[in-house]
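Working notes for the structure below.
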Amino acid sequence: MTAIENAMAKIDIDPALFERAPFDAANAERTGYERYSYWRSTMRTFLKSPVSRFLLVLMLVLTLFSFIYPLLSSLDPNVVSLDLATWNQRPGKGHGIFGTDPLGRDIWARTWYGTRTSLTLAFVIAFFDVGIGMIAGALWGYVKKLDRIMTEIYNVLTNIPQTVFLVLLAYILRPGFWTIVLAMCATGWIGVARFVRNKVITLRDSEFNVASRCLGTPLKRIISMNILPHIVSLVIMQIALTVPYSIGAEVFLGFIGLGLPVKTVSLGNLINLGKNNFLLYPYQLAWPTLVLSAVTISFYIVGNKFADASDPRNHV
Amino acid sequence: MKYEVPVLDPAPVSTGSVLLEADNMEIQFNLRGRTLTAVRKASLQLRAGETLAIVGESGSGKSVFAKSFLGMLDRNGRISGGTALYRGVNLAALKTEQQWLAIRGRRIAMVFQDPMTALNPLKPVGEQIREAAALHRTMDKEASRLVALEMLERVGISEPERRYKQYPHEFSGGMRQRAVIATAIACGPEILVCDEPTTALDVTIQAQILELIKNLQRDMGMSVLFITHDLGVVAKMADRIAVMYAGQVVEEGMADEIFYDARHPYTWALLASLPQLGIKGEDLFAISGTPPSLFRTIKGDAFAPRNPLALKVDFEYEPPFFQVSPTHRAKTWLLDPRAPKVEMPETVKRLRQKLKDKKAEDIAASGTGKAKARKETSR
Amino acid sequence: MLYQRLLLPLILFSGARMKAYIVKRFFESLLTVFFVVVAVFMLLRFMPTDGYFDRDDYTEMSEAARNAYLRTLGLTDNPLVQLGRFVVNLAQGDWGRSITVYPRTSISEILLEKIPYSLSFGLSAISISIVLGLLMGILMAQYKDGIVDGVGTAYVVLVRAIPSLIYLFLIQIWVTKLLGWPMLFNERNPVSWILPAISLALPNIAWYAIWLRRFMVDEENKDYIKFAVSKGVPRRTIMFKHVLRNAAVPLVQYLPSQILLTVGGSLIIESIYSIPGLGGLLVYAIRQQDNPLVQALVLIFSVLGIFGVFMGDVLMVLVDPRIKLGKAAKSGGHA
C-alpha cells in the first residue's frame, strides 16, 4: 500500500497543476443528482422477468383476438346444425379447428366468442368495482366522520362469505349478465374502497405531501406525481385480477344453474356443457379449457407481477 | 464447490497491535440496473483494545464498510475488491453462511442503530439475550439464562429478573439500546461494531450509552469500531479516528491529532461545521454542495468540487496517503511537497484553541472533582 | 352448542380485559349475524312467489288457492311481522319446512342428517390443508426463488387462476380411472372418502402456502432478523424460531375463517361426488327453487363465516403480546 502511494507521488505531474483552482459553486451542487421515475422503475421491474414479458404478450394477444375474431370470421357460434353428420365431430378435416359440439356448432368460434363475452363481463365488473370503490374509498379516507360507519359496513360485508352471497343474489335476481355484475360488484367494491382509503390516509398525512405543499408545489403536480401513480397501479391490478375471479365465478354459477343464460356463448357455459360429454368427446371440454386457462393464468400472473412491480420497495 | 470453514489464528493479540486490517476494499451495489460503488478502495486498521471511530456524512460508505466485516451487505451488494484480514482470515473472501458463523457474534458483533426495530417484538428480551449467549458456548438452558441475567446487569438494567421476561415494547428507548448492547456482548466478541448506536436516542440518554460502551470495552477487553456522523460523540469515545468521504478513508489518526492537527480539507470542513464554533451574529459554516454520485467513476479527489482550497491537480489525479506522523496520515495533495502552503481555516483554529483551553481547565480542576461534572455537561 | 364449548375455556383461562374483549367481539359478531339474517330474509321476500310451490301444484292451483296457501305460510303478512316470526322460530330451533326438495319435512331434521357428512369432510380437508399448506409455505419461503419455490408458485397459480370446477372435475375423472377408485361417494366404502377430502383441501393448501410465504418473506426483511444474523444465529434457526413464529401471528387471524369456509369448493365437491352434505343440498335446493331451504342454508354458511372471523380476531389477540386491550382497543380487528 505504502509503496504504491509513494510511487504515485513520484509520477510526473505537471508542477503547474499545484496551483489553487478556482471554486465553482454550481459545480459543487451538480454531481449529486439521481433521477428516479416511478413509472420507468415500475415497468423495468415488471419487464425484468421473461415470464412477465411472455404472459403480457399472451394476455394481449388473447384479448385482442377474442374481440377481433367476430369481425374476421363468418362462422356463427350460435347456428345449430340439423345435419347429424356435423354433430360431435373431432377437430380437423373440415370440421373446425376445435371440432363441433352436440348441436353441430363450431367450438373454435364459440370459444372465441365466449372469451369475448367473459372478458367483457370481467371488464364491466372491474369498471364498476374500481369506479364505485375509488369514490367511496376517497370519501372514506378524507371525511373522518365517515370512518366509523364505513368500518362497520366493511366488517359486515367482509364477514359474509363471498361465494354464498354470490349464490344468493344470483338465486334471487335470476341468472343473467347484469345479475352477475351486480353480485360481484356488491362485495367487490368494498375491497377496493378499503385499499383506496388506506392510501388516501397515508397520502393525506404523509410528510412528503405536507412538504410539497409547503414548498408551494401546485396541486396538479402533487396529484400527478404523488397520487395518480397509486391510482393507475390500482386500476391495472384490479382489472387484471378481476378476470380470473369473474371467470371462476361464472363457471361456478353455471355449474349450479345460476350462470349466464344457456343461449349466451361464454366460457362458463362452454365448460359446463363440455364436461357433460367429457368421457366420449374430451375435446369439447379440452379446447375451451385450454383457452380459458391461458386467459386466466396470464391475467393472474401479470396482475400479481404488476402489483409487485408497482410497489416502490421493489424498485431495486 | 466446498467452502472451507475459516481457521482463525488463535494467538493472543497484544494491545495496540493490529487486529483487523482492511486494505483497498471496494464494495459495489446493483441498483436499478446500474452499479453503485459505495466503498472505493478504502483502507483501515483496527488495533486491539482501542476504539476507532469512523466519521462521515450520509452516503460516505461508513455503514456499508463496517457491515462488510460481518458479511451483512444487502443482497444486491458484493465486495468487488480488496482484503480484510482478521486473525489470518480474509473476511472479504468468505462466501457461505457456514463460514460466517465462525465470525459473527463470536468474534465480531454489531450494535444496530435503531433499538426499536432491532429486537424481536414477539419474544421476551431476556430470551433474545440468552439466545446469543447460548449460541457461542456449550451450556444448558439455565446456565445461559444466568449469563443473560448477568449481561442485563452489566449494561445497567435494574431488576434484571423482572426485565428478563418483558417484551421490547415495555422498555424505554435507552433501555432498549442497553438490551441490544447486552445481546451483542453476550456473544463475547473480540470486536464490537457500533453503527450509530445513539443517533436514535435522546441527547441525555446518549451520554449514558456512550459511557456504557466505553466501560464495557475496558472491562471486556474488546476493540470497538464506532460509526457516527457526530463529531461530539467521537470526541468522547474515540482513541483513533478515520474520516470517510465518498467511499474512501481520507484521513486517519489519533483523536488528538485529528482534532488539533487535521490536515485534510474535508476534515477541516467537518470540524468547522460544529455549531459550537459559531460566533454570535455570524452565519454558521456549512459545506457547500453535495457529495458526488457514486454511480460514476470519480476522477481525482472526490472532495475537490466542494473544496474552496482545492488545487488543480485535485481534479486530475487522486491523491495518495501522506504520512504526517507515524500514526497520522491524510489523502490530500496539500501535503505534497510541491503544493503551496495552506493554513487551516480560522474556524478550525478557534476549535483548537477552545479545546486547549478546556483541557487546561480540566487539569486545573481535576483535584476537586469538578472536571467530571464539566465533562458531563459539555456537549 | 359447539362454539359455546370452545368459548368456555377461552373465557375461563384469560384475564379480565381479555374476557371483556371476547365478549365485545362476540356481540359484534351477533350483530353482524343479525344484519345478515335480516338482509337474507328481506332479499328472499323480493323473489317471485312461485318459489314456494311445487311445480305441479303451481300450474294446477287457481290464483285464489295459491293466495290462500301463501297466507297459511304467512307470506302475505307484513314483512316485518314475518321477520319477527322468523327470528322467534329460529331461536326455538324451528327453521321452517322444505317445500320442493323434501316436501313438508322440517328443515332442522334435514340439516341434522346432512351436517355429519359436511363436517367430516370439512374437518379432514382442514387438517390436510393446514399441514400441507403450512409445510409448503415454509419450504417456499426458506428456498425462496429456488426450485421448490417455483413449483409451489406454479401450483398456487394453477389452483387460483383456473376455476376449481375444472380441476376438481378432471381429478375425479382421471384419478379414479388411474387408481380404480369409485367415482361416487359411498358411505360404506372407505376408499371413496379419500379423493373428495383431498380435493376439498387443494385450494386451501394453495391459500395457506402463499400467505405464509408472504408473511415470512415480509418478516425476513425486518431489522431484528438482521440483528439476529449478526449475532451469529444460523439461518435455519432464524427461519423457525423468529420468522415463522412471527409470521404465524398475522396468519392466525385468517386461519379460522378459511377453515370454516370450504364452502365454494364443498358445493362443487359434494355435487360431483354425490355426497349427501349441506353443500350438495344447497345446489339441489337452488335447482329446485326451495326458498325456505335455500334461506336456511345461506344462513348457516354465513354464520360459519362470521364465527370464523370472530375466532380469528380472538386468536390474534391471544397470540400477539403487543396488542393492549381496553380503551385503546377499537371495534374489530380488521379496519
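For the reader, a short list of remarks on this structure follows.
A, B and C are the chain letters, set down in written order, and residue numbers restart from 1 in every chain.
In this text, a residue touches a chain if its C-beta (ideal position, glycine included) is under 8 Å from a C-beta of that chain, and two chains touch if they have at least 3 such contacts.
Everything numeric here is computed off the predicted structure, so don't read it as measured data.
Taking each chain's centre as the mean of its C-alpha atoms, the one that lies farthest from the centre of subunit C is B.
Here the two chains linked by the largest count of contacting C-beta pairs are A-C. Core chain by CA centroid proximity to the global CA centroid: A.
Rounded to a whole number, the gap between the C-alpha centres of subunit A and subunit B is 48 angstrom.
Subunit A and subunit C have Cα centroids separated by 27 Å. Computed centre separation for the pair subunit B/subunit C is 55 angstrom, with centres defined by C-alpha atoms. Those residues of subunit C whose C-beta lies close enough to touch subunit A in the complex are 28-29, 32, 35-36, 40, 43-44, 46-47, 157-158, 160-166, 169, 173, 261, 263-264, 267-268, 271, 282-283, 286-287, 294, 298, 301-302, 304-306, 309, 331-332, 334-335. Within the complex, the subunit B residues that touch subunit C are 70, 72, 97, 101, 103-106, 109-110, 112, 114, 117-123, 131-132, 135-136, 167, 169, 180, 183-184, 187. Chain contact summary for the complex, subunit B toward subunit A: residues 23-24, 30-33, 43, 76, 288-293, 295-296, 304-317, 320-322, 333, 336, 338-340.
Against subunit B, the residues of subunit A that register as touching in their complex are 1-2, 4-6, 8-9, 11, 13, 15-21, 23-25, 27-34, 41, 44, 315-316.
Interface residues of subunit A, counted against subunit C in their complex, comprise 151-152, 154-156, 158-161, 163-164, 167-169, 171-172, 194, 244, 247-248, 251-252, 255-258, 271-272, 275, 278-279, 289, 292-293, 296-297, 299-301.
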